[in-house]
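Read from first to last, the chains carry the letters A, B, C, D and E; within each, the first residue is number 1.
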Amino acid sequence: MLLTINQLTKQFGGLSAVNDVSAVIEESKITAIIGPNGAGKSTFFNLISGFHQPTSGRIELSGQDITNMRAEHVARLGVGRTFQTTHLFEQATVLDNVLIGHRLRTKAGLFDAIFRTKRERDEKKKCLDKALEALEFVGLTSLAYEQAHSITQEQQKRVAFALALATDPKLVLLDEPAAGVNPDETEGLSEVMKKMVKRGKTVCLIEHKMPMVMSLADHILVLNHGELIANGTPKDIQKNERVIEAYLGGNSNVSA
Amino acid sequence: MDLLFQQILNGLTVGSVYSLVALGLTLVFGILHVPNFAHGALYMVGAYIALTVMTALGVHYWIGLIIAVIVIALLSVLMERLVFSRLDSKDPLPIMIASIGILFFLESFAQYMWGSQYQRMVTPYGDTIQIFGLTVTMQRLLVIIAAVALMYALHLFLTKTMTGAAIIAMSQSKNGAFLVGINATRVSMLTFAIAGGLAAAAATLAAPINLVFPSMGNLVIMKAFVIIIIGGMGSIPGAIIGGYILGMAESLGATYISGDYKDLIAFVLLVLILTMKPNGLFAKGVK
Amino acid sequence: SGTTGGESGEGSSEGEEQVPEVSAGEEIINIGYTGPLSGPAAFYGENTVSGVRMAAEEINEAGGFEVGGTTYKLNIVTYDDQYLPNEAATNARRLVQEHNTPVVFVPHSGGVFATQVFNEQEDFMIAAYTSEPEILNQGNELTLRIPPAYDQYPEPFVKYQQERFGTRLALLPTATQYGKDWTEELVPVWEEFGGEVVYDGEVDFGKDTDFFPIVTNALNQNPDVIFVGGPSEPTALLMKAARDLGFEGGFMVMDQAKFEEMDGVLGNFDDIEGAIGMLPIISSDAPGAESFIASFESELGRVPTAESAFNYQAMYVLVEAMKLAETVEDPQAIMAQMDAGVKALSEDKLVWHLTGVENNGFDWMASIAAIEDGEIVLIEE
Amino acid sequence: MKMTKKTYLLLALLVAALLFPILVPNQYYLQILILVFIWTIAVYGLNTITGLTGQLSLAHAGFFAIGAYSLGLLTINAGIPFWAAFVLAIVITTIISFFIGIVALRTKSHFFAIYTMSVGFLIYLIIYKSELTGGVRGLIGIPNPAPIGPLTFESIQSYYYLMLFFLLLTIFFMYRLFHSLLGKTFVAIRNSEELAETLGISVMKNKLLAFVISAGLASLSGALYASYVRFLGPQMADIHVAFEILLYLLVGGIGTLAGPLIGTFIVVVLTQMLQFLEEFRMLVFGPIVVLLILFYPRGIVGGYLMWRAKRAKKQKVADANTTTKGENGNAVNH
Amino acid sequence: MLVLKDLIVSHGQEDVLRSVNLTVEEGELVVLLGANGSGKSTLFHTLSGLVRPTSGELSFKGNSLKGRSPSQIVRDGIVQCAEGRMLFAQMSVHDNLKMGAFTYKRNKKELMRQLDYVYTLFPDLVGKRHSPAGSLSGGQQQMVAIGRALMAKPKLLLLDEPSLGLAPLIVEKMFSIIKEINKEGVTVLLAEQNAYAALSVSTRGYVLEGGRLNVEGTKEELLQNEEIRKAYIGA
């Protein structure tokens, strides 16, 4: 198990955004999290990645307790993520964005900076290589020198992927990666995710686009009102009455 | 005991002035998203305008106050039109510097127009009266009453009218305001006008208990900054309560802690509060 | 380059031709000034510089002065330093470098300190308008202190007030170094004559918006006399606040605050009845006072204060010293003739009783006045 | 080719700076340049925390003053040799700034600005009220910098070279920082703290480092100021000084390498040129500041960089147009 | 009702819309399809007056929209529910909706009626009415945004990717709401990625590619167009 979640709860005021959820995320698989709006999916991600601290419960990454760790620390342990609304360093080029993604694996400090030590030079090269690799991975090499805010939605999503990948993560959390992306390009993103798994990453995504989820996911978790209401393969989920009632709806274009 | 009540009364007087100034500052903050350093200069020019019309035209104190409020409201709008509306609202630093530039200009202008010496504004309410064994000048009572009345009126305006709500809406999303048909230009002009008016009113109310001079705004504005931070930037109740907290802290602090280090109180208070609550006392917990 | 010469009157910015006219054989000697001409202390700066200017204009109108066979006319070159020491130093360098001024008037202690770092090296004299005693303790031979030392005031003040009002004293002077130094001078005298200090506070006129809280605290100790001081107008207001809060005793007023300026704030002297302080320059009985006051009033439209008067006086003495030293350029020589310069000054130019120069400082006679029945009364000379 | 042109320009500037005191023996001009050099170092300090890292600090007049006063007190009261005191002054300030930073950096954006403004004000009040610092009277009698080997610091020329040396050192330091991974990390934090945190960057640690570096530079500037002006008054810690430093930075161009130098030079020289207006110079200076900000919100260097980027882009678009013209024609024919 | 002629809009140096011609008749529900970055949002921003066109004509009900301010355009009856929502994050959901009625703010009765209508369309919002809008989940915020646009009683409603981030059930429901709104006489211009669902409720559609309107057709025509099926429907 890469990630084990035990009785996780998060309350905002009186509201339980995530309520007593236990689940596991398997290594080198794609796990999808679905559920109605406000079900607590993003909150769930925020808890894992250390952005919010849970009210109770326990999170373990490869056996290590990360329950109350801060985001930066969790990232260093190998959890990369993207946000629901795409979030980039807007005032920088695409390359500079991704370059910084690998910073957490480097150590060069003030001394190295001023004296331009070997470490500084080596690490700079390493960051650059990593960034170019990540950009190539998502197919954006040609946009490396564009400003991040001036490229399209879908390209920004890809940069966000690259950024997450540049951190050398074991687990990648993707919050609605295909929102606002047209079907054609959605497929492209699916390919990228599959490629990630091939490279040994574990992917966990939140998505409302059922065709994509059903064809991509190995495993699906369904949240509703903060609670885990179903947990299984896409096939199981599509047939699950509670899920259909709460989320999918009768004639949903699941396979369209 | 008498001492305590006397000091509470003193604290209320200063607190009222602080609150009025902080209120204007906090309103404009909603538009600029930056503290407007020129606000203190508006306060100062307001006092001069009232003083000038009172002495030159011989008008009554209240007329002087009203004229000052109108003139400063216009000046404030002019500032918004000529400078702030032309700056990119996403970039806070240029706005801050522009406001500092305006501050330099207005202070220098006041010195040019009215000279740099201290001047005194005579109030028709200079008498002292005794209530419950406390000594108050009428003017001080007036400051408290008028300030409370003004604040209540503003509160009604902001919460009970859609135009008031539009001011608040603008401060949260400019484009959102456009999309519901709010005339953003008009709202931001209105906001500046109200803020300027409040500053002029505060200045004219406070001037008789102090003096009128070109750098008089500096005294108040620094404290107003502290107040809106304590109260949470952009928070209306925060500005009012913060103003009174500070007024009280100063008058009571001078009595029971140390007169010498009274000026420190505001800043120590701020540092303490922000150390514990980095977003101020009344900040709303929304991302 | 800087504007030179006599900018007259407040608020007139039109640039009249300011360098004095010279005819054949005459020469111009520049005198420097750096002080706060803008910012919070601008009024003070204006008061100091207008005294220097008036003296220079009068001397020029009288045909200048002769040194070593050449007739000189004075030209005052001014720069604004906003009361900042390093700006004052920069201005002084500029005055010396670009305008060749042998003397620079500096009306604040910070500016004097910063200028003293190099004035001996660069060979110019500082005409310092500050009572800060430290400026003369630096061993700087080219610094002249213009205003009177304040140690002559406490004794007559204390005697007068203890007799009239009593022995309980509240301290509420300005929170500046000058205020502190004054207090240190005053308190031992007060206690020596059998008084006690019942409240020890200070007022920061630069930061306090309201004087009621502190005055309330002071009055809570039932003082007979309050010691106040600072800029005249807010000091007056502070005294009025004490009266408003029911204080009936007397005031001792530090020499920085002037009765004549309080008039403008209070309208009359009723609220400060029983105050003792410095004699206003307008009440001076020195022979030159009347004409000085008259021409100051006609030029600036208000009564002169001590700042203007003392600087006016200093400029006159400086010219006398130049004549005696037979040089307009050598500050050392001029400095050496200062005392003689005072004595050589004709009586009708004396706006106050100036007796000489001792230890590089002007020696003025103390003139103390009190408010009795709403009138200014001379107490001691 | 462009690179070498730039290098030549920089070399020429350097030579001009080195020869200036010999060619122009005007002490007033030297004084102005010395002050420009000193201030520029403080502005580089502010640029590190505000320009690179995006946290507007108004406490820098305070750090400037702490550096200066530390030097003064260590030499006058403690009798420590000048250069030892000089180094100690910087160390002391960085330590103080470290503790202030730990608390202050928990606040964000304008909260941080006003928080640091208050800290600056507290530093001012402490200097103003304390007996130790000489209070309002100020600190008098700071010694000349002690000779280093054959180099003595008595004449204004020697001061000029001393300040120039430290300025060049600072510029070199900033240049290296700008182009390092650390520098890029600072910029990332400026762009988005939240994102930087998800990327595993320790935001607090980096901000603190930037803050301490910037306070260190401010104190270096303060110590140089103290050794040059040799008199210190509390007004050097005043909030106006913080505004002034900020103004220099903004006029030059925030977050740029050349901005602090250019901005400081221009503003200082401009204020000197406006001296003829005497008490009314702010009447002109204020509007100039406003106009400058209206037309060059990113400062002079920022404006230049934007203009260059625009021109490059225009060039690109023009190039692209000539190649796509054909396609357009086709589309019409269609 | 709405006519665009040779509209050119640029961001800085680059033309984002290059000569767009488009008409929407009263009562229609027109869909605007287009890849990411093809300029849909830019077109909408131009219509709402948030972006000024470089050249070309825009008119609404025969009157030119050129030079009209965003607030005047809302008063004219063109209301947009924008991508990115642009809510008043710290105001309550209820107040957000109320602000939607800004143009007829004095008519309290009308306002209340419209409010009721919106709450019946989005019952999920009832329970959240007093929460600050910024604390809602992504999908809930989207509902508030649509609700707020409806509060303005639009004649022409511009919807920019309203299904973004909504759960399938809600998406379904939303499209039926859009259809309903349209039936009640509101003209709708809808930009969508979810082409199939959008076309299903529409009368007509346009396809925007690289800033140009390349294809135009009725719902049936577009649904049968192979290329469009491939690019925008994905099956």
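Everything below uses one rule, namely that a contact is a pair of C-beta atoms (placed from the backbone, for glycine too) under 8 Å apart; a residue touches a chain by one contact, two chains touch by 3 or more.
These numbers come from a predicted model, not from an experiment.
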Those chains which touch chain C and also touch chain B: D
Most distant chain from chain B, judged by the mean position of its C-alpha atoms: A
Greatest separation from chain E - chain, by CA centre: C
Of A-E and B-E, whichever chain pair has more C-beta contact pairs: A-E
Centre-of-Cα separation between chain C and chain A, whole angstrom: 73
Euclidean distance of C-alpha centroids - chain A vs chain D, Å: 40
Distance from the mean Cα position of chain D to that of chain B, given in whole angstrom: 32
Sequence positions of chain D contacting 2 or more other chains: 279-282
Shared interface positions of chain C, touching two or more other chains: 13, 38, 42, 46, 175
Of all residues in chain B, the ones touching two or more other chains: 107-108, 111-112, 116, 260, 263
Pairwise chain contacts, counting only pairs that touch as defined: A-D, A-E, B-C, B-D, B-E, C-D, D-E
Touching residues on chain E, where the partner in the complex is chain D: 12-14
Complex interface listing, chain D residues touching chain E: 310, 313-314, 317
Complex contacts: residues of chain B adjacent to chain C: 3, 6-7, 10-11, 13-14, 17, 107-108, 111-113, 115-120, 122, 128, 135, 137, 140, 206, 209-211, 213-215, 218-220, 223, 250-251, 254-255, 259-260, 262-263
In the complex with chain B, residue positions of chain D that touch it: 50, 56, 103, 106-111, 113-115, 117-119, 121-122, 125, 129, 239, 243, 246-247, 250, 254, 279-283, 285-290, 293-294, 297-298
Complex contact set, residues of chain E against chain A: 11, 34-37, 83-84, 124, 135-140, 142-143, 161, 164-172, 193, 195-197, 230-235
